[in-house]
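Shared between the two complexes below is chain A, which pairs with chain B and chain C, respectively.
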Partner chain A sequence: MMPGDPFLTTSADEVGEEIIVMTEEQHLYYLNYYGLDRPLSEQFLVYVKNLMMGNLGRSIYYKMPVSDVIMLHLPWTILIVVGATVISTISGVVLGTLSAKNRKNRSDRILMTGMIAFAEIPSFLLGLILLLIFSVYLRLFPLAGAITPFANYNGLVEQLWDILYHAFLPIVTLSLAQLTDVYLLTRNTLITVTTKDYIRTARAKGLGEKTVWIRHALRNALLPVVTRTGFMIGIMMGGVVLVESVFSYPGIGMTLRSAVVCRDYPLIQGILLVIAVSILVCNLLVDKIYGKLDPRVVI
Partner chain B sequence: MSLLKINDLKCHYLTDSNTVRAVDGISFEIEEGEILGIVGESGSGKTTVAFGIMGLLPENTASSGEILYRDEVISSLSESEIDRFRWKDIAIVFQNGLEVMNPVMKVGVQVMEPMVRHLDISPDKARSKCTDLFRTVGLDPKWMDLYPHQLSGGMRQRALIAMALSCDPKLLILDEVTSALDAFTRKEIRDLLVGLQRKNGYTMLMISHDITFVSSLAARIAVIYSGKIVETGPVKDLLVSPLHPYTRGLVHSTPDIFVYKDLWGIPGDVPAGDEFRGCPFSPRCTQKIDICKKASPVLMPAGDGREIACHRGGIAGILVARNLSFSYRLPDGEYLQAVDNVNLEVREGEVLAVVGQTGSGKSTLAHILANVIRPECGEVLFMGGNVSGENYGNRFNGIQIVFQDPFSSTSNRFTVFDAVKEPLYINKIGSNGDRLQMVKNALELVRLPNNDNFLSKYCGELSGGQRQRVALARAMVMEPKLLIADEITSALDVSTSANVLRLLKGLQNRRGFAMIYISHDLSLTLKIADRIAVMDSGKIVEMGNSHDVMLSPSDEYTKRLVGSRIGLCCHNHPAL
Partner chain C sequence: MIKDVAASGNARIISFAQALNIDKIVSSTAETFSRFSIEGKIGILGIICIILMAVFAPVITIYPPQKITGDSLEPPGPGHILGTDELGMDIWSQICYGARMSLTIGLAVAFAAGFGGGALGILAGYMGGHIDQALMRVIDVTMALPSLPLLIVISAFLGPSILNVILVLVLFSWAKPARIARSQTLSLKQNNYIIAAQNYGAKPFYLLWRHIFPEVMPVLLVLVIGISSHAIIAETGLAFLGLGDPTSKSWGMMLNHATGFRSIYFTPYWQWWLLPPLFMLIFLLLCLTFISRDMERILDPKLKRQKGF
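Now for the complex of A and B:
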């Protein structure tokens, strides 16, 4: 069990803030109010019962329903995770294809070595470096947040631009962290696929280099990449906690971090549940898509 | 003008450790409308030739030579230039395999793909053409919308044929189209190809190890071995009288040609290592001479449109008998003509069976050939020398004979060692130590124990099968080039004779000596003989390929001999 007590830290998050110490009586009252004085098994049963009815409980820190807190922050996380997935997959596939086509050339070797070395940098460190360079020194991007506070937008375009402007660095960080995996997978699968009999068949048919590569080789090589993308979303959901913290981006990753700091148990449980469910949903989706792409697979 | 001409094509696969000379200087031509078959064992380079023509060789291939299509050199074209010829002019039916078609594309789409590309027609038109093609190859057009893995092997092979025909190619290359198919499908595909060829007059290059399949379609065959053509010629001549020992080996290992014979492959393997400069077949050849190890023979004309690459000009004769006659004087003063004007030839590495009923003169003939008795007239030549003048029985690589009855041919009072050593002793060959080793080797060869205990046994203690093996070992110790086996199994029971016979054929196959096998037992003979000579009253009445003699005997006596086999009661149809 995680040590700590939500009511000792209720309002003592920021440094320099006056710490309000509860009286023993108040403390007991809160414990009783949130049901934390009851046996663990009973607490769990109550939680599951509430969950069945769609009630995730109340956040101790935010003093509002957990579901509301999550709904407030989840869209931001979805934005950067989906953005990063799209960008890393597309650029990974493109780079992987280039590399496979120029296999045994210098360009492939340089690209591959670079990518592998790059993959060893942890995402939070990468985030910090990007933040330092682009926000602190170059001042090209904001230091924190998802939107400019108290901004008045003239129309939707400006609002979208502001959102993208804030999401740019987190998305880039997450994408770069995943890029090498996609790149390597695409490159290696393509190299395997190009030795297959059906590629020779396609070449024999005189279809031209482009058709052979795109229609026959890439189409087959992308199958494992699709599977990989499903797993990637799961990995990113974990990675997003660190990246959001670095960029103070108000997604559920950041919320999870602060919930842990405040020992906001209902919120922690709620967020973890959402992450778990989204990973499962992604995997299911991937399986469905795979079944559509590869006729040999029956789901 | 030939449609396709290949000049000295060489394709060497370069790997990190060595060079594989898959195709090593091949030249041939295909005329318009002709069907040429290329046959050879797996790994002989057949498929590499096909890929070479299509420009599909892997990157690590060093190739040289010229490929001309209608006088245009296509071997030096770039990938995009050769696309002009691919499929529209030269198409290939690939060997069937699960991944030979793109697994994620519908079969019909894959057949339509080249049409849209090369014929410049709309997808709708391509689809209707594809429907026709499917009907042509005997596939229901509804299967166009299936994926390759949903088709059976035979269906996939048909789809591959439909795909190859989609752009009406001038030259069709067929690469092992039937190798993975069952007998029914194989025949259907063959009939389909025959029909297509008759209707459209395709020029075809058929590549297969299946000599039966190729011979049923092709007009000419080129036999390829270790990347070189060793023999070419019209199909029929090549099958009936192969000139090259390798071709003969291939024909002999084909069950469709030798229906009754046990299958014996060609022993040995292709020479490994790229340093070898001699004839690639020499390590497996039974008639190699010194030059075979040093230089590779070139393809030379051999008459009747045939060509052969062999330093010895093809399978050499080993024994020739001309006008042999012999008669016994009977007690009443009459003469019995046992051998009457017999002519025969035995070639390197073959098994010639002499069959006939008892008293037909087989054994007398055997004894004459082995120089045990002298003929009244005629001569026997062994590798050019006269048998009666030179004592070929007294030397290594000569003629040895094994007699019918092991109990009289090996003395009861001899030990096994003495019996086997006898020819060495008589001919004063080797020291005592050498002899012991040679005897031991010979015994091992005939699968008898060669320990001291067995060596010191007396022949009288042995069983019939063991004694016949001792007799065989005694012949083998002289390493004969020709072994005459005179009814060697007739004194043995069924199981023992089966063992001895298999042993003998195994030895012959491995050692590569020629054999004259004398027997009255037709069924047994068919198991091992390449050629059969039928004898009646001292004459050879019929001689030929063993299955021809058996299946379609022309002589009356042979017919009776074939018909006299007693059928088993459980066989409904009469013998055969």
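Now for the complex of A and C:
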């Protein structure tokens, strides 16, 4: 089993600190309370049974139901992941189109080399750099958190603004890390598509360059990008743990980190389940959308 | 007489050298090097610098990395080139010794996963049938798992040590080389010269070693570089989260200590404590990328680039 006992950290002030204040009797009581003294097979059956009823168990560290803890933190993660997906997809497609249009120029080569080099910097190192430049050196953005603590908002707009202000750097970090994939994919498919006959036909019909590129070429080139977006969310759910740690953003990744440090097994299980389910749901959605976009594909 | 012996000795050395084809090796290395693009050359030189730094770490540093040799949080100066951390340990020493850590983990994981997975893939592709099917299903499962959250949990389960980190990373990176080696083997198996060799009575091991492995090798080499950079990223990530070996001084661990230091961003300490490991990591990863992209181009222009963490 995992080393460490969750009950050693329950009375600590700080995450990860081990303070032993329990007597043997109290320790046994806790083991009994959480059902940890029963055989493993029985524990597993109870877990699965509870899971079927939507009960993920109780977090040992937070002392509340796991589903409540997750619900408290999941919205923040969804905010930055969805934000990053939208931004990286749109800017990746735009850059990819520009690059494909000027593909024999010097500017395309420079852009492509830069993007490839960029892709290899892992998202949390990128996040650290952005944090150092914009929050520490220029002091433009907040260092940590998702909202200003103890803030009194005058209306909804101000509150939204505060949330966006705090989410800005995490979203930018995540989208920069995913940008290159979309960019390369758009560029490559566009280059393949533009050699097709129907593009020549469109030009021969006398359509303007803009119409040819946007209505004929880009529309067909976007299909693989849609699939990519689904995978991207899966990759991002992994990277988000580290990025949230960099920005101390109170999402699900930070919670996973502290759960691991406190050995809070029920919470770890719950979070992994949520991550796995969200990846599966994204893949399913992508398949469905793909079927709608491309009538040739039958699901 | 003595002269003769010396002469014959020299002759022997020369003939030995000729037998080894040292000339050829040198010129072929130079030729390969000249085929790299400018970025590739920068990458190779950068990697050589980092390797030298790691190997000669005791020579180019004055202080041992894990001893308190100065005041706490000394700024860079003549005594400590890059300053000291909160415990008074020399940062330049930590950077040099940390290079060993990153390179060891990168290389160990890459070779174990690359060649182990490659061997499995070749065997499965060659044997086919149920074994092949079983391996493919295992590969599918391994590739579908979200690697980072699981990496975090597994390394927390196994406890922090370098060996465990390597094991976990190998577990997550063998699938890609196995898959590619398998598909290469499947297509190679159809070639006439292999069928001819089989008809001449070549044993499976001879076939695999002599005909199939050398063909798959270049692709595996490219993958090995990619895997090593992923392994370095993953190790850094785990260490950054505090799941690495706490006694080691890897670059990720330095980032962890520095970012874990209270109010580091409100003090000037980050300038010499956080920046050096950050820059070194990014430099190392960029060098590896440049090399692997160039090698892909040189060795196999048809190989499609795949990515994923």
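Definition applied: the second predicted complex is superposed on the first by the 290 of 299 C-alpha atoms of A that agree within 3 Å, B and C clash if a C-alpha of one lies under 4 Å from a C-alpha of the other, contacts with A are read in each partner's own complex, and residues count from 1 in each chain.
Operating definition for what follows: a contact is a pair of C-beta atoms (placed from the backbone, for glycine too) under 8 Å apart; a residue touches a chain by one contact, two chains touch by 3 or more.
In this text the structure is predicted, and so the values were computed from the model without any measurement.
Undergrad: Clash or fit: what happens to chain B and chain C when chain A is overlaid?
TA: fit
Undergrad: If we overlay the two complexes on their shared chain A, which of chain B and chain C does A:Asp162 touch? Say first, second, both or neither.
TA: A:Asp162: touches no partner chain.
Undergrad: Given the touch rule stated above, what does A:Ala202 touch, chain B (first), chain C (second), both, or neither?
TA: Touch partner of A:Ala202: chain B, not chain C.
Undergrad: Name the contact category of A:Phe124: first (chain B only), second (chain C only), both, or neither.
TA: second
Undergrad: Classify the contacts of A:Leu256 with the two partner chains as first (chain B alone), second (chain C alone), both, or neither.
TA: After superposing on A, A:Leu256 lies in contact with chain C but is clear of chain B.
Undergrad: Would you please give the vertex angle at the Cα centre of chain A, with arms pointing to the Cα centres of chain B and chain C, as a multiple of 10°?
TA: 70
Undergrad: Considering only touches as defined above, state whether A:Ile279 meets chain B (first), chain C (second), both or neither.
TA: Touch status of A:Ile279: second partner only.
Undergrad: Touching A:Asp108, do we find chain B (first), chain C (second), both, or neither?
TA: neither
Undergrad: After superposing on the shared chain, does chain C or chain B touch more chain A residues?
TA: If we count touched residues of chain A for both partners, the winner is C.
Undergrad: To be precise, I mean the smallest distance between any C-alpha of chain B and any C-alpha of chain C in the superposed model; what is it in Å?
TA: In this superposition, no C-alpha atom of chain B lies closer than 16 Å to one of chain C.
Undergrad: Can you list the chain B residues touching chain A in their complex?
TA: Interface residues on the chain B side: 51, 54, 56, 79-80, 82-88, 91-92, 94, 97, 99-105, 113-114, 117-118, 147, 149-150, 163.
Undergrad: Inside the complex, what are the residues of chain A that reach chain C?
TA: Interface residues on the chain A side: 1-3, 16, 113, 116-117, 119-122, 124-125, 128-129, 131-132, 135-136, 143, 181, 231, 234-235, 237-239, 241-242, 245-246, 256-257, 260-261, 263, 268, 271-272, 275-276, 279.
Undergrad: In the complex, go through chain A and note every residue touching chain B.
TA: Where chain A meets chain B, its residues are 196-198, 200-209, 211, 215-216, 219-220, 223, 293-296.
Undergrad: Show me the residue ranges of chain C that touch chain A in the complex, using the header's touch definition.
TA: Contacts found on chain C: 39, 146-150, 152-153, 156-157, 159, 229, 233, 236-237, 240-243, 255, 259, 265, 270, 274-275, 278, 281-282, 285-286, 288-290, 293, 307-309.
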